[in-house]
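Note that the chains are named A, B, C and D in the order they appear, and that numbering of residues resets to 1 at the start of each chain.
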Amino acid sequence: MLINTDEISAIDQELNTKQPKQIIKYALDKFDNIAISFSGAEDVVLIDLALKAKKDIHVFSLDTGRLHPETYAFIETVRKHYNIDIELVSPKAELLEPFVKEKGLFSFFEDGHTECCGVRKIEPLKRKLSTAQAWITGQRKDQSPGTRQSIPVFQQDTAFKGIDEALYKFNPLANWSSEDVWNYIKMFDVPYNPLHQTGFISIGCQPCTRPVLPNQHEREGRWWWENEGGKECGLHATNIISKS
Amino acid sequence: MLINTDEISAIDQELNTKQPKQIIKYALDKFDNIAISFSGAEDVVLIDLALKAKKDIHVFSLDTGRLHPETYAFIETVRKHYNIDIELVSPKAELLEPFVKEKGLFSFFEDGHTECCGVRKIEPLKRKLSTAQAWITGQRKDQSPGTRQSIPVFQQDTAFKGIDEALYKFNPLANWSSEDVWNYIKMFDVPYNPLHQTGFISIGCQPCTRPVLPNQHEREGRWWWENEGGKECGLHATNIISKS
Amino acid sequence: MLINTDEISAIDQELNTKQPKQIIKYALDKFDNIAISFSGAEDVVLIDLALKAKKDIHVFSLDTGRLHPETYAFIETVRKHYNIDIELVSPKAELLEPFVKEKGLFSFFEDGHTECCGVRKIEPLKRKLSTAQAWITGQRKDQSPGTRQSIPVFQQDTAFKGIDEALYKFNPLANWSSEDVWNYIKMFDVPYNPLHQTGFISIGCQPCTRPVLPNQHEREGRWWWENEGGKECGLHATNIISKS
Amino acid sequence: MLINTDEISAIDQELNTKQPKQIIKYALDKFDNIAISFSGAEDVVLIDLALKAKKDIHVFSLDTGRLHPETYAFIETVRKHYNIDIELVSPKAELLEPFVKEKGLFSFFEDGHTECCGVRKIEPLKRKLSTAQAWITGQRKDQSPGTRQSIPVFQQDTAFKGIDEALYKFNPLANWSSEDVWNYIKMFDVPYNPLHQTGFISIGCQPCTRPVLPNQHEREGRWWWENEGGKECGLHATNIISKS
């Protein structure tokens, strides 16, 4: 399915005033082959919302091999709670082994997280998305002061290619705040990662995530040794591209 | 020193537009015998501010015997960082022993925190305040939806008696938000309780404090098994009285 | 009741070949007013054994105000599991307050644990023992290479005075090894302090106890910044006296 | 290099009376292409000993993707401390992904650890060993009551194939006790996994390892939900084969 730029704008504009639940329903109706990306954090609400719209959904997570033990346990909790499959995409041994042999397990603290994210997140994601027409993410405008302020609800994903070459991306939570997400979690008794009970807001790989102090922005808990404002792992590369 | 109701109102009104630093300076100038109450949490900014106004300050904490190990360590950190004495007021063995023998160490989960706070916090505080003319606390309006919304900057403390019978109370942070406090802590490299790095916002006794989830109000981490809205240990009983 | 030295030796010699259960039964039969000392660690087996011999026992612990949160919780677990009173003896505020005001909360790291143990353990123990004829402890020969190798099963406690001036002391576990104690705990499903699951063997006050590495002696986890060989808090001062 | 059964026995018998350091020296001299297996636990002494015998050693670990964060950090500590490369062998994405999609991340608790160990440990090890003539392991007789009591110092590894088909295996610590290993670590200030400070003795994958209580055997901390006596992941399959 190919959607031209004008149509994309029109769809985005229309969905932009809708609730996440309606956006997800639209997405699941429009594309047969659409995957929901689940990070092991508060984007669990995507799964909860999607299952209210459709029984048979397709969920995947990136298992970088460096997630917190609590996150692995939480992914299993979600799998059992909703009785769904969760596809865990893993890095390729043939890329990971030479990288780690040369640079060790914590090179990101020395020369930045791009190389490690490339092997552990981007290659597996690319591989995964190449089998789909579209994907659904938990991105929100309020998550990152530098890179996520103008996230659309619907867009073409120019950073990756799908099964039909073009790939589309829905961000149903774009206009929700962190508070909206947590109100939803509490109201509907959605299971959540227990790390959220120990000061973690944003959750990614274990060595690259830390709890934040009261009143700190959640993004201060990610890649804190690097510059402010451009903290993206590359999953959502269009955010960075669109800024230039 | 006896201050009549009209004067109290006038002082409060005047101080209400001032910055915490000015309020503390006023307090330390007005009363020779004035004690700063330090809870082991973010009210450490009171100490930092007070030392900018006066070298010789008088700080006390309530050592209930049930604080977190991290809080005991933090109190010591503060003592050494600022090179000050911190008076730790302890419960009386003759009150504590029969109470614990009869009811065990966790009776508050069954019949409320009032009795335990009475023995471990209120009696020691009463004893301590009976030797002072006035005290300074870290109370803020934004701390408690139910009980702290109308905290004045200056007031008579009608719940306790001072050395001259009447006792006065300053709340220099009344108009600051949690964000203001944390901006101050970060800007001036004020030491903070490491529990704040693991999801704790409000910090009291170990069994009666817990971390809060993202976007939860800090007071949800205190006496969470009891009703909302009236969560005070009795230190600031005037907050509750003034509501009736 | 006054027991002369020869009798003491004879009783000790007779009991020395008996099992802990028989020793405890003897002790509880011989003295009406006899207290069992419970530290919140593996000496919980004393309570388990005593209740098999007699329904109405008298148990106390020293609540120094600095125990681990896990130990407070464990003491409550024991209280409820066996449905017994546990008397918690606390330090006197009038001794504790000036000590902590002058030296802070961690003076033991600088000038040794004697002063702090004096205020938080010895004075309360002395007060408690002055109301009893005899006491039962969990001391074992294998606990301390320097001070406990010749612990008798029965002895006069010359370090403290009882209600009748003379005070007697039973150490029913003297000849048991750590392994014996743990076999008992596992065989009879005796509740144990959860700290034992995180590397702690010997458990005392939180700042003065730490887990030990595999194959380290348990006493290396106590007052580790001080010299080997004399690690006693004074509860069992006769151990040190008897060495000179 | 092909060594016949009689020679193997003779070498084993000779080395059996030697110290680990001599055994390792012999191994490194005899085989050019010999790899040291490092699990991230106390077998770090193998690395320490090997570097005393030869500058240029070849070390590898199995990165199952489920190690403790502390173990990843420790592997990096060892890499930097000794300034050596550590090759981390990873599971193949094409084996891991279908297994996890079908059974989730914790299937071992339901149908045993064999399948997960197969994908995460055995296949990568097999791949790794197929490039070597011989390997050196940290196995000890005292580690496992059921499976390791008759570990030789030198043996043919019939469970795996090496670069020349036949594969040989040295177990230089076979005759050392846990106490010997820890005495060595402390005497030579060898870095150790910080998990050993929290009650862990044996350390493997995070979900399948737990601390043990005082006086429990270290193997009780591994795959505790399965039967006693046969706790091997398959790395040392000859131990199980040789029992039948």
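Following the convention adopted for this analysis, contacts are C-beta pairs under 8 Å (C-beta built on N, C-alpha and C of every residue); 3 or more make two chains touch, one makes a residue touch a chain.
The structure presented is a predicted model; accordingly, all values stated were derived computationally and were not measured.
Greatest centre-to-centre distance from chain B is found for D, with centres as Cα means.
Taking the mean of the C-alpha atoms as each chain's centre, chain C and chain D sit 42 Å apart.
A separation of 55 Å divides the Cα centre of chain B from that of chain D. In terms of their C-alpha centroids, the spacing between chain A and chain D amounts to 37 Å. Residue positions of chain C touching 2 or more other chains: none. Taken chain by chain, the contacts form a single closed ring in which each chain touches exactly two others. By the definition of touch given earlier, these chain pairs are in contact: A-B, A-D, B-C, C-D.
The part of chain D that touches chain C in the complex is made up of residues 42, 178-179, 182-183, 186, 192, 196-201, 211, 213-216, 218. Contact residues of chain B toward chain C in the complex are 63, 65-66, 68-69, 72-73, 75-76, 79-80, 85-93, 96-97, 100-101, 104-106, 124, 206-207.
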